[in-house]
Every structure is written in structure tokens, then in C-alpha cells.
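Common to both upcoming complexes is chain A, partnered first by chain B, then by chain C.
So, the complex of A and B:
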């Protein structure tokens, strides 16, 4: 019997192959949803029409087409043909920069505030209703308000990332801080450790795994939000790329963007997962 | 934004020339081939560069072209296509010093914006001494907010929008002005293929129809068309605001039954076999304005010379776009991803007026879209009557006053005369919509004359 890891990898590959084959079969086998292949169309007229209308070709690209286009896009990621047409690499860099700024501010706010909430039952109860109301708001709902008050679309996008990614971190930090074992705090008290030292040498290491979990959830949310924000604000970024290709009804490029967004999100998550492993401790 | 510049510099590393001062090798070669020169020669050189770049957007082609003609005599080689001499002369004639050279202009990717967009690749902005960046924008509300926020110096807007903004409908009142109309006609009613037998609007009860924006000619024209056929646009059908790029996808998904939308969206629905063109908007009102070139009053007063140069560039571009022989080339120039991001064959059908209607016929209508920039005040008055008619504005409306303040017909007259063009003598004209005459002097009576209205 092969080791579990290898079997899992094999199964993953198998699932991918089955999925790709099914996809290829589905796009090659049937015509488009409506109409079907038109016969006896005037050739002059056909010249003015798209392939979907003339040959009944599905608007859905096959995996081979997507692969070919993916190669074309990835082999020239840094071209710049003016303000509305840049390579995928540049778009990703714009999105990443926005996410990191917004997320950075969120970390800077959420962790200290989370400590305050976690260490003080009064603050915890007082702020709870606000957090509960603000937490579930969609990024798109913030956007008009941000654009109207901040009056700058770039900063608005960063603000929206901040406001959406701050909550999981805040709640997790507060929870982590509040659930540090009482024995440890009591030992600290017997040794007459000051509150600041207590926060840094006892609570922070003890709560670190929970805080990191919150940060991991938050980076996922920040990456989710950036696409929506950029679709709305436009200009640059991976979200704008999706919107621009949607505009052209280019499903192939939209699928590529989806792939790239997924891979990038996974990488961000993995980085934080690695950090989380470093701070985990056995009890 | 600082980070943006860094990225731009970064990207230049990959596409620039050896010395780093030019955008491509071809430009570098051209600059190197030109020794010290006087001003006139420099203008000629700049115009040549712009034209060559526009004609051959790809560096490789450009290089091949320059090699073929030996680097000199570009003007001679291109003379049959473009009178470079005349272009250069106009360029050299500046009036006052331009206050702000680097401008940002927002646009929505539809063919209505043709003059604003094509002025970039075809070099009309640089000809008038401006360095303009045309920025694609996701929707009308975003264009409005970004222009109000001064992220854009000027913008492509639906012609009712500057009126609405100036009056404070849907935003704080901020005085905006329309020195030029982008296009007249050029819209269409498109229906889903399943409705190909329902050509009478009386059968449309219960339809879900999309329009691009509440303050749009599309909204007013569709409401007008429906009401003339006895269909109440508020009670009998559902009108939805949908951004143009999403319309075809929604039509395909069966979310809507049709739309009155700008082109290239209508033609795109036909191209993809999702819909057919029921009528062109010119069949409702031949010569109706659609989109406008817009700037805030503040920008105009702070930068009068920039504004004049910008207006000259737009009027110049519109005049170029109006000529049928240029339409094919324009379709080619604005199709790439940096501009409209649409198949050239779709744009060509819209601009040349030889198009597939989606029902198997090829139709020919050279006036499908026209680019006549003159902002008649009576256009604004008509828009105001429809705002009143459908309850977007209540109470007394100062029709003539608002029209005069927003639609700068006198200004356009002046600039067009200076440019040696022939502007209309009157700032207002009467016209008829679906056979019903409109007298701009009697707007209240006009509103009162409709059977279906909310006023």
C-alpha cells in the first residue's frame, strides 16, 4: 500500500483529469444553449456574425483553448499598452499592493483593539453590538459611501478592504486573549508582573495561534473583497481585468482570471499558515 | 498614487527602448533620426510620430513601415491617408498657454464615446497640445463620482447626466457643462430571440427591459416609445438600470427580455446570436443626442485654455469620425483592449451602418450613428420635459435657464468658427419625436400634452 500522501496526490490528479475530460467533452460535444448550428445562412450575413451564431459553437471555451490563452497571458505578464490594458502581472501587483495596504492597516487596528476587548469584559460587552452589525456588511455596500466621503477611488478600495478584513481578526484576537488560561495569569500575578509585560510575555504567546487563525481568515476575505472592489472602481487590478474581459464577453479570459485569483489566494493563505505553525505550541 | 508610478516605471523596463526615454524602439529610432530642428519641424515630427503610432500600434509593424520608407518622407508616404500638412498647421496655432497639460478623461466602453476614445490613438489630443489619458470606467455612477471627485478632468457622460448633476438629482448640485455632444442616434432596441414574433410594443406587457441609467436618453426614449404605443412604462413593464456591459450577459441568461442600449452592445447581442435589433433609436427620433462630453464648471473656469484645446480636439475628432470613409479605420483603432475591447467586426457594423439585424437580414443605414458635436439648447429642454414628465423633477422648472447654463451652444459656435467649421446659426432647433413636433419655446404645454405621464 502506498503512503497516504501519495495516494491523496494521485486522487487529486485523477479528479483533475476527470474534470478536464468532462469539460472538454461538454464543450466539444454539444452546440450552444440556444439556436444550434444555423444551416443555409447567407455567407455575407454570416461574416457579420460571431461563431456562436453561425456554427452553433458553444460560448464556453474548451480546456485546450483556455490552456493556450493562459500560456499567452502568462508568457507576457508585464506589457503595458496604455492605462486600460496592462499585463496580468502588473494587474496582480496592483491588487496585491491594495490588499497588503488595507490588510496591514486592519492588522494594526484589530490586534491592539482585540487585546483591549479581550482583557476588559466591559469593553467587550460595550463594543459587541457594533461589531456584530458591522461584520456582515458586504464590500459592495461600503463602496458608494467610501467613494462619496473619501473622494478617491484608490483609497476607497483600500478602505473597503480594511473595513471588511478587520472583523475576523478583531474577534479572534479578543477571543484568544480572553481565553488565556487563568492559572498562567494567576502565576503572573503572584510574581507581580506589570500589565504591559503580562500582555507581551504571557497573553501574546498564548493567544498567538488564535490570532493567526483570525489573520488567516482575514487575508482570505481581503482577497475576496479586492476583486469586487476593483470591478466596481475599475482602472487597474485583477478585478478590473475580470470586468474588462466580461465586457468583451471573453469567457476564456474570465476563467484564466478565476484560476489566477484562486492560486494567488491560496499562496497568501499558505504564507499565513506557515507563520501560524511557527507560533503554535503544544499544551 | 506613488505605487502606481512605480509600477508604470517597472513596466516600462519591459517595453521601452534602449535609452528609456521613448515608449518603444521605433519611437527611439525616429527621435534619433531627427537632428536639431526648429519649432515647426518639431511639431511636424510630433504629429508624424502620433500618426505613425496610431496607424501601426504594434512596434514591429511600425519598425517595418519605417524601414520600408527609409525613415524620411513619412508625410509624403501618408499623404494619401491624412493631410499631415494641415494637421501640423493647426497644431502650431495655439491660442493661450495651456494651464494643465496632463489630463484624465473617463469613458464607458461603448461606441458613443468614439470621438473621446479615438482622439487618443489617432492623436487628436496631442495635436492640440494635450497629454490625455483616457480611462475606462465601470459604470455611469462611478464616472459621475470620479468626475465630481476631480479624479477625472472631463468625462463621457449620458447627456441628461450633467443636467441632473447640475440640478442636484441623485447627487449634490454641482454646476456641470456640456460643450459638445458626442454622438447623435446610435442606439437601438434589442429583444431576446424568443420574442422575434412580438414586434408590436402592445404585446410587451410584463416585459423586463433594461436601460443603462435612470438619467439617460435611453430611459426617456424607451418610455416615450412605449407610451406612444399605449404601454405604461411604470405599470405595464419593468424598467431596470443595468450597466451596458452586463446587458448581453443578462439577455443570454434570460434575466431581461430586451433593452434600449447604446451600441456596440446591441450589435454584440446580435453577433452572439442572443438577440435581434427591433428598431434603431433613430426611428424614434432621428437626430437625437445621446452621450455628451462633460466637464465641471469649476474645471472650465480654472483652465480656460486647456478646456478650449480639449474642446477643439473633441470637435476635430468628431468631424473626422463623421466622415464615412474614416469609419472603418476608427473601428480598427478603438477595438483593442485598451479602448472598447470588442471584436472589430461588431464595431465596424455599428460605425459603417451595414449590419446584421439578427433575423437574417443585412441592413444598410449609413446614419445609424452620427458624430455631430453641436449641443443645441433645445436638446436640454426636451430632456428636462421628460424629467418632468416622468416625475424625476417636481414643481417649477426653469427650462431655458438650465439649458443655457449646461448646454454651451454659444461656446461651441465660437470654437467651431475659430476652427473654420460651419456651426449652425441658431442655438436651438425644433424637431419631432415619433412624428410629434416639439417646440422648445413651450415646454410646459409639451409635457401637458402627453396622455401617459407622472407629472
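So, the complex of A and C:
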């Protein structure tokens, strides 16, 4: 019997192959020739309608076509031929930059504020209603307000990333800080450790796994939201790329973009998962 | 009484119950210890033993009265008093060395890293954990964890050691070994120790004086048992000591019966400030001045 990991990998490959074959089958044409839907069609109309009508071929590209295009896109990801034709790498870099800036600001705000909320029952109760109301707002609902006040569309997208990634980190940090074991705090107290040193040497390491959980949820949400935000603000970024290719009716490029978004999101999550493993301690 | 190293002077602790009705855990509690004493406090759950210890540690404050140690009133936690917690309270993200060094570095803030490390290693060796310095608490057995807790407390060389049922979470075999080592270390260093325990045999083996507390609420010190066993007693032949069963029966009798009924029939000469001192013995001895036989 093969080890579980190997069996799982084999099964994954099998599922992929079945999926690709089904895709290939579904998008293959009827084979043209007689009996196709184009029979008897006005030639000019048929020309207008393209292959979809004349040979029954789907507008959906086959996996082979997507693979070929993917190779072409990935082999030259950083070309720049004007505002409407940039390489996928450039678009991805714009999106990543926005996410990292917005997310970075959110970390800088949420973790200290979470500490305050977690350590002070007064602040916790005072800020709770605001958090409860602000948290469920769809980040995109902020967009008009952001565009009006900030005026710059790129910065507005960064703001939307900030506002959507701040809540999970804030709540997790506050929870992690508030649930640090009393006995660990008592150890620090009996050793006369000052409040600032206590925050860094006891509370931070004790709450770190919970904080990292919040950070991981946040980066996932930020990556979900950036695509939608860029579709709205336009100009650059992977979200804009998707919408632009939809307007070009290049389903192949849309599929490639979807794939790239998925892989990038997974990588961001894995980076934080690795950090989380480093700060997690067994009890 | 004013000469004592540690003196608990009429402390009370009350908790505000929901609904405005307060409850008094204990009140007007008096007790004192000399330097180098090993005192154990015995009583049922809810009599406020842990609260007394927390007040001594400075983690809790009395509502009335005060505690004076070495001429200074206790007003909060201090490095003069080290606590060995029942749950060992090690920091799980630090290694054995890291846990002890954290305490050493807190005590001696001006020491170099190497000096802190050397000092910590010395105390890890004292509790017999040499070779396990770099293990994390999760990799240690319960007994080893508590050894780290003991090393951490001893490493700051406190004036007083406070132990909250330090061995209650351990199996009998480990408990015995650790009791031996704690007794050896405390005798060697002349450490002043205040310990909470549920275990009568542990109290008899370790403590020179055993404080008996009545049941709460409104608990008080019923009496102080002066341990008649010789100072060089050993755990293995403890039960062969002539006075062992006299002390043991006295303590058990208190826990089973008198801890509940003591307050109903206070002895006429009972003085909260000077609880009676009792020295149980197998034969009625001629009692020394001021000491009453039970």
C-alpha cells in the first residue's frame, strides 16, 4: 500500500485529468461539415457570427488553448504597451502593492488597538458598538465615500483593502490579548516586570497564534476584495485586467487571470501559515 | 511579635457577591513567621488559603489589616517573594533555560546575558534538570515542569518562598522525590517558606509549623501545630517516628471534625492575635512554657 500522501497526490492528478478531459470534450466543436448549424445560413451573417455559429464551436476556449496562451503570457509577464495592454506580471504587481500597503496599514492599526481593547475592559466595551456596526459593512460600500474624500482611485482601493482587513485582525488581537492566561501575567507581576516589557515578553508571544489567525483571515479577505475594487476603479491591477479582458471578450485571458488570482491567494495564505507555525507553541 | 520576619496583622478579605451582599472569606487573621521557618497552611477548600498566599505574594490585597515582611508592608508583588504555582505556570514558548533566565534577568536587570545564563544554569542543576535546558515545557513531564517552576522561584534568591499546593498535580512517586529535594534545598539555604497543602503527610514532612484554618466563610486560624518531629526527619521512615501518628491524627481530626465545629465552641482563652500553639506527642510530655499539649 502506498503512503497516504502519495495516494492523495495521485488522486489529485486523476481529478485534474478528468476535469481537463471533460473541459476539452465540452468545448470541442461539432466537427464542421454538413449538418452543422451553419447550413443554409446567410454567408454574411455566418461571417459576422464567427465560428460559434458556423461550426458549433464554443466561445469557451479549450484547455489546450488556455495552456498555450498561459505559456505566452507567463513567458513575457512584464511588457508594457500602453494603459490597456500591460503584461500580467505588471498587473499582478499593482494589485499586490495595493494589498500590501492597505494590509500593512491595517496591521499597524489593528494590532496596537487590539492590545488596548484586549487589555482594557473599559475600551473594549466603549469601542464594541462601533466595531459591531462597522464590521459587517461590505468593503466596496466604502468605495464612493473613499473616491469622494480621497479623490485618487488607486489610494481609494488601498483604503478599501485597509477597511476590510482591519476587523479580523482587530478582533483576534483583542481576543488573544484578553485571554492570555492569568497565571502567566501573575508570573510577570511577581517578577516585577514593567507594563511595556510585559506586553512584549508575555502578552505578545502568548497572543501571537491568535493574532496570526486574524492576519491570515485578513489577507484572504484583502485578496478577495482587491479584484472587485480594481474592477470598479480601473486603470491597473489584476481585477482591472479581468474586466478589460471581458470587454475584449478574451475568455482565455479571463481564465488565465482567474488561475493566477487563485495561485497568488494561496501563496499569500501559505506565507502567513508558515509564520503562524513559527509562533505557535505546544502546551 | 514585632520581631517576626513575616507578620500577618489582622487581615480580612471580602468579596462583593452579585446582588450587593458581600461575603467575608476570612477576617482578623493573625500569624507570624521567623526567618528560616517552614510553615504550611491546611484547611478545606474555600477557607481562603490561596487568598492568604496571594496576599503574601502581593497579587491580592487585604480589605483590612496589613502584612509586614522584614520591616516593610507588602504593597504589591515583589521579587523578594517568589511564588511556585500549583499549575507551574511556565511560559510554554520559552525553553527551560529561557523560563529560568527570564526570572533571573528580571531580578538582575544590569547583568550581562552570559551572567544571567550561568546563574540560571546553576539553579537548573540544583533541581536536577541539567541536560534538559533547551527543552520546551511541553516536552517535559509534570514533575520536570514543577522542577522548572522551583528552579525559577529559587533563582531569584527570594527572601521568602510561597508555594501553592506545589505537588498536588504530581503522581505519588514524583511527589515524594520532589518533596525530598525541596526540603533539602530549603534546609541548606535556610529559606523561609510558606506553603499551602491538602496533604497531611506532606505538611508533617516539610513544615516546622502547620497552620490550621477553620472552614470559610469567616475563616480564622484555629491553632498552630508545632511539629514535634526531629529536624533531620526523612520521608522514608517518617511513619516510624514516635510522634508521627499523634500529629497525623491531630491534623486529620481537625480536618474531619474540628475545622467545621471550632467556631461554635471557641475556647474561652482563644485570642485571634495569638492562636493557641499545639505540640501533639504520643506520650503526655511536660509542656514547655506557653505551649499546650493536645
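Keep this in mind: the second predicted complex is superposed on the first by the 275 of 283 C-alpha atoms of A that agree within 3 Å, B and C clash if a C-alpha of one lies under 4 Å from a C-alpha of the other, contacts with A are read in each partner's own complex, and residues count from 1 in each chain.
Here is the rule we go by: a contact is a pair of C-beta atoms (placed from the backbone, for glycine too) under 8 Å apart; a residue touches a chain by one contact, two chains touch by 3 or more.
Model, not experiment: these values are computed from the prediction.
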### Task
With the two complexes superposed on chain A, say which partner A:231 touches: chain B (first), chain C (second), both, or neither.
first
### Message
Per the contact definition in the header, classify A:81: touching chain B only (first), chain C only (second), both, or neither.
### Response
first
### Message
Tell me the contact category for A:151 with respect to chain B and chain C: first, second, both or neither.
### Response
first
### Query
Which chain makes contact with more of the residues of chain A, chain B or else chain C?
B
### Query
Is A:94 touching the first partner chain B, the second partner chain C, both, or neither of them?
first
### Task
Could you look at A:246 and tell me whether it touches chain B, chain C, both or neither (first, second, both, neither)?
first
### Message
Just to be sure I follow: which residues of chain A are touched by chain B in one complex and then by chain C in the other one?
### Response
none
### Task
Mind listing the chain B positions that touch chain A in their complex?
1, 3-4, 7-8, 10-15, 109, 120, 133-139, 141-142, 145-146, 148-151, 193, 245-246, 248-249, 252, 268, 270-274, 336-339, 341-343, 345, 349, 355-356, 360-362
### Summary
Per the touch rule, the chain A residues reaching chain C in their complex are 181, 183-184, 186-187, 189-193, 201-202, 205-206, 279, 281-283
### Parts of chain C lying in touch with chain A, wherever the complex brings them together
57-59, 77-79, 81-83, 85, 87, 89, 91-93, 102-103, 106-107, 136-138, 156
### Query
Which part of chain A faces chain B closely enough to touch in the complex?
32-35, 41-42, 44-45, 47-50, 52-53, 59, 78-87, 90, 93-94, 97, 144, 147-148, 151-154, 231-236, 240, 243-249
